[in-house]
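Both complexes below contain subunit A, partnered by subunit B and then by subunit C.
Entry: the complex of A and B
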């Protein structure tokens, strides 16, 4: 009788599904093509910066899943990056594994720690969890990463960039295209996750654990899944991090750098937009482009740094959805009044690019 | 055998006995009311049923499963849906997404399947959307599909919350004051709607409500709770005629009427 009751709704007439309009698709494709072409045309250095943005975006996506979606503040992403980095370094350089297998191994290697932290997250909330993750980061840095056989001791490890079958990706330009393709793949995967029962459970756990449970969501399992998926993404990020720099040392994954990098990454993801899979990419792009433009600007550097800090605070206060929300908002405005808002947005963008180029030219 | 049964539920907070030897039994497809003055233990009983509180003694059964020690999410998976006295919806999600979240128990594709857009994920999503659509239509909320809770009136949110609980496709639905804080017109529509929900979905409904006309008109049976004890049970007419119910709950108005007259 109860089985019949459960099936009762399927007998209801099913409404027609409305087709989803995707007006942003064309703009999105153009943006991806531009992201692929522009740094490559600009040269090796721009491609290196581009790779750094892409790698940071991959690592940032681990924050999106665990903090943005699930609401668990973890400040130890770089510990998982370290595990991925050193695993990949050994797999590729010492054992001669093909690149993608090394990436897979790096992802799996994060599992023991991510499961452990995930179990801890079931017991701790908010600030307490954040502090626990800092402690974990520090502890792993002081134990696992002081193991010379793993990290290569003081000298660190050298990692060659891979060849994908017959195609070498040793050059900065080729490596950039590989990392860009990878970050887009992971964004696509995280978007899929968001539109699934697990992604919805993550959002539900973040917003109201009691209500989530009342709807059949296993809060523990969901948090655990978030830490595991997040750890694996960070592990893959570690592989690309190692091959970007081609030489890695343990210092970056030990106190105080591991914590600083972790906090910086969370800020970057929040500025980009932590509820969106595109947030880390946008946040990383803005911050690293600024960093490169301002790097040689000497005194002006401090003024500009202060200005962009103020801009970030403004974003956090006024637009909790981050830069991604601003982009969405402007896109909606352009769609509503293509001519007027289109011109306005184009002018603002051109002025910003012009200011950046001017500072960069003037200072270098 | 009854769908939902409790045996000797007892729960005390410190020295206060909140629930004292409570036995209730609800048949499949039945609409049952729970009445009692403030502080009688009605919401406490719902929290024991849905697993937010663990009783000191007694048992909870749903169908042939014993759920006394089951966690809240396990009870939801077993087919127990509930709403809260204070609305609990997910504010960042649209109405449709809120309902989709409740589809959890009918979906089983893995995270990897979703990340790689495998057919099992696509099938799951399509079926979930179809079922959500059917519930939105039943509660007449289709036009609010893309709205977020913050954009809707309190009265509408009560109906959204009902729809979310129904999206779970429960065997039994626990409703904690569904008419509180909503307009008279909406409250009047609620009774027929609950009957329709029961007729279409076949789920039993256990209902706490302070709106007496609504409670008495929609319920087929009523339990009266006072100081944590069931003091009367039966049809609405029987329970409202019971002396103890009159003195504990309805009596005050009669006394007031006498005093005033």
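Entry: the complex of A and C
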């Protein structure tokens, strides 16, 4: 914030009572209701896609905490997902544990590795940490995930969807509502984290480690907390991942797929908005809806992959806040000048839709 | 003895490929400060162009390989011009993220170019296939030529960087960009040159590796290769880290560790032989934790890399 902006803020008269509901809140509630109702009405397939988006958003939130909030680049989110996945598969299918206990166990099972990575992150910064996490991902893939007793060997493991007490969630629609509720819960928790003392310490470490230390932030504890929280979120994501697919194999958690999945996830989170808890949800929704709409056009999937990588680079260079920020900015612009900016935003959206339809027609 | 020789030749060929990747990584890092996580994808683009051209034209494969290398060089140059030259230095995390993005982009382009070809794609060999018996050891021409190419590259490139005018300019840019520019060296041009050499070497390395991965038939390009971060990228970074991402000579020594030593350990007693990969990962982690760069560069040089 510049000095002028600071002056302007301090010159404003203090409101007597904080405003109750902002227009954003109303839009947010409507969006959540729509997200819950639309896929369920559209049917099983849409609900499956919806669950996939919600599960990816859960896993993406682990990136938000460690990279978006704390500025530490970890390329091994799917290693934690793998730990959560196989732990839950055993807890539910082999030992008959109830669902929520299995989820809790999966989160706890990520602790030894996340503490280790957290400790390493205290010593390594920037690309050293990125390469260390790549190495760890490969190493865990070559050791823990080659253990047949854990992963079920080449054939993998079958996981049944849970029952929540008397309510079964085996159908795609019911499972979607469960994952959506969970991702909203975790978004709420991550929003709370950002406002908390530890969350503000994380932001301080991201902006300038030395300055944060000078202000009395315990950098070591903060980084450790970031990795532990992030690992637990990814572990819970793993539980939902296992039950979404209902059959899991170890290949996707081994080299080179574990790294590729990690890179794709980071791209999706940055495109959505790395510093907002809603970012992973937005990024996952945009990318998976497009992938499903254009499922029959194989070439277009690669075009989409290239486009999202290009969008990722553009966003990093020009709009670090990602789509969440762009939407906020445009919404503010439309509120300020509804006619002019409303028309502009509509035209831009229509052009984008037209471009996609054109590519779709050309490639199929 | 002959078993040892056989393993040693395989290990040396692997070292050669790792060395060519590592030299490119070091050269790009020293000259531009970019940790090129897109290195595999740049080479991959060269391989895909090679596959497409060799399928559609009757040109000799060695000539087509040159076209492939040129494509990798182009990928490096375009990435530097369009993306990396616009980066603010010193913002480490953004820089790595962007390198990952470039890698993902190039891998997607590679798959786009292979439109219609799914699964495992047969790749014609760039070198003569076939085996030969040398001192009682069965080796392949491809392995021997790979070793020779890697040694040749190092033997030409290192003295050239040390002595030639261009090589000295590259090193000047690496050591102190500002002073180099004041001395009349066009840092932008030399940054582009480093990218071109580095990505060309990545293309050459993958064109030695992938087209010979299936023995007599040639090679197979599969989903394992068509990713932004290929399997040999981590060992290549390991080799580069032996020299703190700064020293080319030490990076060459490092490539012997992750190629030759790792292969030869297959002859070691059981626990060591079985856990060779894990040992390599442990070595890389230790190298990272040691922060090897401080052994090879002065503080001023490190400041210059990050500023």
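The definition used in the following text is that the second predicted complex is superposed on the first by the 295 of 364 C-alpha atoms of A that agree within 3 Å, B and C clash if a C-alpha of one lies under 4 Å from a C-alpha of the other, contacts with A are read in each partner's own complex, and residues count from 1 in each chain.
Note that in this section contacts are C-beta pairs under 8 Å (C-beta built on N, C-alpha and C of every residue); 3 or more make two chains touch, one makes a residue touch a chain.
Nothing here was measured: the structure is a model prediction, and the numbers come from that model.
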Check your understanding: Now for A:217: first (subunit B), second (subunit C), both, or neither, which partner does it touch?
Key -> first
Check your understanding: If you stack the two complexes on chain A, which partner ends up touching A:225: first (subunit B), second (subunit C), both, or neither?
Key -> first
Practice item. Based on the superposed arrangement, let me know which partner A:305 touches: subunit B (first), subunit C (second), both, or neither? Key: second
Check your understanding: Which holds for A:208: it touches subunit B only (first), subunit C only (second), both, or neither?
Key -> first
Check your understanding: With the two structures laid over each other on chain A, which partner does A:112 touch: subunit B (first), subunit C (second), both, or neither?
Key -> neither
Exercise for review: Examine A:263 and indicate which partner it touches, taking first as subunit B and second as subunit C; both and neither are also allowed.
Suggested key: second
Practice item. Check the residue A:198 against both partner chains and state whether it touches subunit B (first), subunit C (second), both, or neither. Key: first
**Study point:** Residue numbers on subunit A that touch subunit B, as the complex places them
**Key:** 1-2, 4-6, 8-10, 12-15, 17, 189-190, 192-193, 195-201, 203-204, 207-208, 210-219, 225, 229, 275
Study note, to complete from the structure: The subunit A residues in contact with subunit C across the complex are 67, 71-73, 75, 120, 123-128, 130-132, 134-136, 138-139, 142-143, 255-257, 259-260, 263-264, 266-267, 270, 298-299, 302-303, 305-306, 309-310, 312-313, 316-317, 320
**Study point:** In the complex, subunit C residues that touch subunit A
**Key:** 35, 37, 83, 86-87, 92-98, 100-105, 107-109, 111-112, 115, 118, 224, 227-231, 234, 237-238, 241, 277-278, 281-282, 284-285, 288-289, 291
Point to revise | Residues of subunit B touching subunit A in the complex | key: 3, 28-29, 50-52, 63, 71-73, 76-77, 79, 81-82, 84, 88-93, 97, 100-105, 107, 109-111, 113-117, 121, 124-125, 128-131, 133-135, 137-138, 142, 164-165, 168-169, 171, 200-203
